[in-house]
Amino acid sequence: MAAAEKYAKVDRDVLAAMKRPGRAYLAGLAFAVLLAVMFHLLWAYQVRSGLGVVGKMHPVMWALYITNFVFWVGIAHSGTLISAVLFLFRARYRTSFNRAAEAMTVFALMVAGMFPLIHLGRSWVFYYLLPYPNQRQLWVNFRSPLVWDVFAVGTYFTVSLVFFYVGMIPDFAAAKQHVLGVRKKIYTVLSLGWQGTQKEWRHYNMLYLFLAAFATPLVASVHSVVSWDFAMSIVPGWHTTIFAPYFVAGAIFSGTAMVITLVVPMRKYLSLHEYITDDHFESIAKILLFTSLIVSYAYIVEFGLAWYGENIFERETFRYRLLGDYRYFTWTMLFCNSVVPLTLFARRLRRNTAYLFAISILVNVGMWLERFVIIVTSLSHDYDPYAWGIYKPTFVCLGVDIGSFGLFFALYLLFVKNLPVLSISEIKEHL
Amino acid sequence: MADRMVFEDREQFLEGLRELVRDGVPRERIRVITPFGVPEVEEILPGTRSRVRFFALIGAAGGTVTGLAFTILTALSWPLVIGGKPIVSLPPFIIIAFALTILFGALATFAGFLLLSRLPSLQGIRSEEEHGNAFVILVEDGERR
Amino acid sequence: MKAFLEKKGVLAALIAAAGALLAIVSLEHGPGKGGSLLLSLLFFIAVVEGCIAAAAAGTVVNARWVASVREELLSVSPLLLLSSFLLLLLIPFLDIYPWAGTPGIWLRKDFFIGRNLVFLLLAYDTARRFAAAPAGGEGTKVRAAWYLLVFVVSQSLTAFDLVMSLEYPWVSALFGGYFFIEALYGGFAVSALLYLLLHGRPAAGNAPGTRSDLSDLSILMFGFSIMWAGLFFAQYLTIWYGNIPEEVGFIARRVAASPLRELSVAVLFLLFFIPFPALLATRAKSNPYVVSAAALSILTGILIERYVFLAPVVRFSPGALMIDFACLLLLFVAVMYRRSRGAAREA
Amino acid sequence: MKRRDFLWLLGVISGSTVMSACGSPNRSAKFTSYLLPPEEGVVPGEASFRPSTCTECPAGCGVLARLREGRPVKLEGIPGHPVNDGGLCVRGQSSLVRLYHPERLRGPMARDGGKLRPIPWKEAFSRVEGSLKASREKGRKNLFLSGRTTGSLSRIADAACERLGIERLPEYEVYSHTAVKEANALLFGERDVPHYRIEETDFLLTVGADLIETFVTPVAYTRKISSARAGGGFLWYHVEPHMSLTGGNADRRFTVAPGRERLLLSFLLREVMARKTPGGRLPGEILSAFPPATAESVSRGAGIPPESVKEIADRFVAAKRPLLIAGGVSTEQPEGLEVAVAAALIQYAAGAVPERVDFARSENYRNVGTLRDMEELSARMGRGEAGVVFLFRTNPVFSLPPRLAFRENLKKTELSVGMGEFLDETVREADLVLPLSHSLESWGDVEPRRGVVSLLQPVLPPLYDTLSDGDALLRLLGNSDGKGSASGYRDLLAAAWEKRLGEAGKARLLEKGFVEETLPKRPVSLGVRRAADALRSANRTEEIGKPVLFLAPSIRTFDGRGRDLPLLSEIPDPLTTITYGPWISVSEKTAARAGVRDRDGVTVASADWKAVLPVKVQPGLPEGVFVVCRDALPAPPVRTDRRTGGAVDRIEGVGITKTGKKVEVPILSGSFSQQGRGLIPDPVHLDEGRRHQRWTLYPAHEHKEYRWAMAVDLDRCNGCAGCVAACHVENNVPVAGKADHLKGREMSWLRIEPFYEKGEVEFLPMLCQQCDNAPCESVCPVFAAYHNPEGLNVQVYNRCVGTRYCSNNCPYKVRRFNWWQHRWPEPMERMRNPDVQVREVGMMEKCTFCIQRIRAAKDKAKDEGRKVRDGEFTTACAQSCPTGALTFGNMLDKESGVYRLAHSGRAYRVFESLGTEPSVHYLRGRKP
């Protein structure tokens, strides 16, 4: 096939995604939006009545909201991993995932960013958390992990957004040539008048390299900071040195799972089999397996040391996790995160997208549970036995959490229809 | 008046480019437009390495300094003892500094890119010409020797 | 000498001799013998396992640079055998472990030595299988992966058992991970040095790629210096912030007084503040002098850090330390040298 | 509105979803209303104190009302008061809630057409007058029933009744101590409860008497015990058939089989006779009533190990000044009289009378009648003999057993006049409702103990259209026969005081709030004949139907009269940490056998009674014994003792059967065991773990001139929760309500943690530890929590955004979060302390050692150009503590009490291994 023809095909195939949507799509979108609306209504209700409407209690002051915060931030990570780290490692198969992954990162962070606000007792004064010169010249407490969060997540979001956009500039330029009307105008503007001259490409490549270089340490740092929200405390089950790497691995683990969850249907629905091949999925599956092993290692070490040490508080906390009121969650978590992924040692399964999809769902569940278990079990059984208590969620926090998924998927579906879902220029380059 | 050559195939395009250079057309006169980055072009028409990297460096350095200065100074401006920790406790402040390093670094790099490659360019946005997937070579006022 | 080295069986003889010597040194009575052995053992287990792990890791992600140093890296595997023997020499020395008086299920001499021994031998075995396999091919990757698994466990065990339990009941969950990352870090450093010794300072017109092999290694060292710093920070920050006396004691005892305080700071520099800036620039990454300097500083860093870990609890005798360390170092160099000669002959 | 509805409403309000989360209660600020005329010196922002007397229970503790802008915001015990000497119990602290209770009666009401509707006082009195006349003509008897009244009020009541030809019935109290009075009448001719001088004894043996909860004058006895303990060489054994707070606090506690106390006592009597006073003070004919017994036989009958029986006897005999007090559940049972008699005889024989058993200062229970009196009353009403029946500050409909049909019979009277503060079960039934003022709105006096006159004075004008007790009676008189005394009760009192105490005495009474007369000791003689007769008729008890249910008194609401006060329901019961709702305590063995756990609903049934209650497994409770707090049980199935006529609070042959349903009852404690975590190390001196070197990576931060700290003496603390109530009132701590308690969302800044160790209970008051390296501070992103230069871990409420990380990171879990916008239903918001900010929804709050008091004290000191003196002021909790377990002060002052205690050999701090360096030091030695 002639070169020109090949390139043209790429354009066609990728941009085909932007054609007028089908019923299934619209239905999905509608449902997602519905959930998103519920999300906001319940939040409003909570603000109005006070935090009492969620199941939180003394001593379990953090529960579902923080769980979801960690979960979504975690989801974001693999996006950066795939787009930045794999770029530095010159891993070719990245090309077929990075756009989807970056989009996922941005949207996940949008959702994640809301939860700290939602969980505040007084959301309406959230700006106290921002470093601004208030009339008392009192600044925020930079010694508090929560402030680190503000900075880490804020930075992460900004950089990911830039990265996401920069990656799309040449594609906008390409896309604008295949659409008409308002869209054309929008893409043209978004492409910043990109011509594709040698000079532009030179600077562009350098920029992309550096953005990747900057984004890479974020993969580690951001979730380390998130993990320190817990590790900095002295709560048994939270205060552990291994938390940072453990959370990072967990984040990539869950994120990779989410990528699979998103890309498998996307590939099917947009018929991108030529560009996203089983080989690509196999490589992603390997990442999943690898991170799963790290997470399992962390589990073993955590439980092992709790048993090894003579710290009765730690010991009780971990005993409680395994055998206490939340034991079913713990066991499910262990099953989903440590047992199920082991099947990926089989090459055949690694290449079976249906199976991968199934696994990815399980892993998402498992990782969500992991955060829940870590947060809730540790809090409900800490130092003073008198203060022990059992947390039960209410419809409000459950609703908000489910709603957040709606929000995420709504954003993602909109992305699929309106932006190039694959990096056109890169694909052409690698043809 | 620039004279333009249009290629459909990557290899032919590179050939044409090499030819031009061999013919001794001054490099600064040659402009190429490609649908995606073609590393070989850099070898054929070696230009100076992109200066974007300096922006990155300065941005990052600036971020670190800002981070440390900001945290330390605000802490000192109203010294409150919390949890028995020293007023200026570096370990936490390093984290802030790190975050700002990345942030400023990335933003500066992006800014540098826009600055150096003259983007966004209005005339680029306005221009109707579309090259599709063609590889174009433009030679400014192209009389050959 | 060279010729002698290449004779068959000589290596085995050498190792046996060294083993005997070390045995004599550390078993004869006198303070700090065991300590010295423990220290040199910790260092060399880390480096040796690290070298093989580096090769294995490279193989798994099929990195280009591996090809040029693979054989030499893998040649050190016999030393694992020696180490597992040396581990046995520690048995009389175990009494200085605080738990020795009141053995539990996990912390009891027989099990303690037992599990560490088993994993050292396992590491040796998997390493040999890996070395035996041809350079390319899926099979090799699988073997490499297996080695890596064993490597992780074995290093974690050395961390938790040999070092951490010296400070029982002090606990740091990250310790194991910290150790095997460090070992890998050291492994890359050794690879870089090897690379320079074998294909050292190539002329400009040399085959393309060789340079980038070196810079690949540098990038790895660079990356790991950040990673190491990250882990170190994660560990320090958590302990510092929590400020729980039992935990803090471990650090406090090490920064309380000279010379340990200075040494602790030195470790920071040797493992991060020197390699990181040194390898920051793109050009430096392929500059033999910078790279070798960085690599050396990393290895010294690891050694000193091991010392800092042990020092507050263990006594050393300089003489014994000297001998132990020298023996192992010589052997280490010997095996690699011999292998490289062999490689040269085949070529 | 019914009480139940009110609590429900509280829950709803606190959980209200309609108010704006951003709305601030401070916006509902009121102008300072000058309730008192200016010459009374109301200076805005300045507190003044006025003495009065607590009327929550008959004990009559002296209280100082703290006034701000002319309204009382806090009650504190009067130091040096002969009854409570500065201490105040949980009920007394809550008295303010009664004053400001939104459900108080606001004016007289009359029933027509079954509904009560407001009427003017005049009409009310004329109705009474009319009915009085009418019933006189019908030949019906007009009756006046009241709770225990003393002092002038009692005299006025007598006078009024006499003048109006009303029969004044014996007063009705649930805890009438009938058996004790009866026994004393039989033996010594003194039909009253003597005053026990515990402070003068070296060995105290109590049998059933719940000194700490409700026995006659709990705060006084609590104080005496702890002062005796402080003196050293004091030992206290307690014998009881169930498990009570008192028992939990005795040096040793023995459980005796229900109704078998007399076996032990008769053995003890013989021992005392034989070994202590040979030749003895008791004539043989009395002694013969007590069959000889051996330790073994006693232990067989009474279920006490023989060695324990011996030990008790030996101790008692060996003691120089032994004292025995029998009462409570042990005397409110068919064998009660024997127990009381035996006890009295032992006291007599051991020479405790009259030195330590003081009849001269008896507790003024003379006029208090029995349950039988109520039976008769009910019967008379039933027979239609009753004309006008005045029900004056008494709630028989609630506390009388249904079999008396009091409620029904009340309808058969000419006119029933309910006089009280609330529309309680009884007043609700009355035809005419005459609202009475709260004691803090009234003039008056009480004489809780012979020779102790304690002042009642209004600290604010009546909030509503109510009359003080005295004035109500006077108006009754005044209206009934033309003249009456136009001038009010106040003048009458003035005259009476002058007559009795003289000018000086009166002045002292008005200034100090009390006067104590010096009375000569009253020697009593043993009426041998009466005693012997009584003993001969002593009933050789038949078998007791097991298992047994005891209707035990509760420290929180006395006989239930405190149930209307939300604060009292909010504060957990010391032994079970249950806040709202009734429950039945079941012994561990029984629970295991019946397969019931906490919160399981069970049907409790005896022959003629049944109820559904949630289970609370009670460690230390002997098998085959159930306990239900009487205050929580409307119309309890109490029987009448056929001899004394007293109430029998023991129900026999009770069985429990699982309903299979869980009952939602808030049990605040997450674990009644310490889980081996050494919160209360035992014995602390052997706990060397805490002495290990304390490594830290932080530089020390020094404190300027003050460093506030507290010492908590666990050997003194008895878990009475007085401090908790004090803290609630002082710091505007909101009442969370049952709904939130079920979620574990209590708001109290200070809690008492009971921990059980093989049936032994110990209490740990847990409040903010004001750590030097506070984990909560460093995690706060906005500096809402920080360490102030005086060592306080302060909380800037308005700065708090509610991340709640501080609470997560607090190992002591003493921080409280405002899940809702808590509201104080009008007029309760008037009792809020203006010195303490009211926290909004979403804010974290906690104890800061009453920082407002610290400020006040420092300002005062500053004005006088000096440093704050040790003991010059103290926190609300420490001030209120009847046992003096809490000591507050400045650690930098080497002379201060807290410094001394913190450096004593008994001192330790909770979770010391965490390096938080708390400023609260706990003291604990070995139990003797």
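We just call them A, B, C and D in the order they show up, numbering each chain from 1.
Keep in mind that, in the parts below, a residue touches a chain if its C-beta (ideal position, glycine included) is under 8 Å from a C-beta of that chain, and two chains touch if they have at least 3 such contacts.
All values derive from a computational prediction rather than experimental measurement.
Put simply, the chain nearest the middle, going by average C-alpha positions, is A.
If you compare C-D with A-C, the chain pair joined by more contacting C-beta pairs is A-C.
Our note on geometry: subunit C versus subunit D, Cα centroid distance of 71 Å, whole angstroms. Distance between chain centres (mean CA atoms), subunit A to subunit C: 36 Å. Annotation: 79 Å between the Cα-based centres of subunit B and subunit D. Distance between subunit A and subunit B, defined via averaged C-alpha coordinates, is recorded as 28 Å.
Of all residues in subunit A, those touching 2 or more other chains are 138, 140-141, 143-144, 147, 217, 221, 232-234, listed in ascending order.
Shared contact sites, meaning residues of subunit D that touch two or more other chains, fall at 696, 698, 773, 775, 778-780, 783, 914. In subunit C, 237, 239-241, 243-244, 246 are the positions where the chain touches two or more neighbouring chains simultaneously. By the touch criterion given at the top, residues 83-84, 91-92, 94 of subunit B touch subunit C in their complex. Within the complex formed with subunit D, the residues of subunit A that make contact are 45, 47-53, 55-59, 61-62, 116, 119-122, 124-126, 128-129, 138, 140-141, 143-147, 150, 229, 232-235, 312-313, 316, 379, 382-389.
Interface residues of subunit D facing subunit B in the complex, by the touch rule stated above, are 696, 698-699, 701, 772-780, 783, 785-787, 917.
Within the complex, the subunit C residues that touch subunit B are 233, 236-237, 240-241, 243.
On the side of subunit D, the complex with subunit C involves touching residues 692-698, 773, 778, 913-915.
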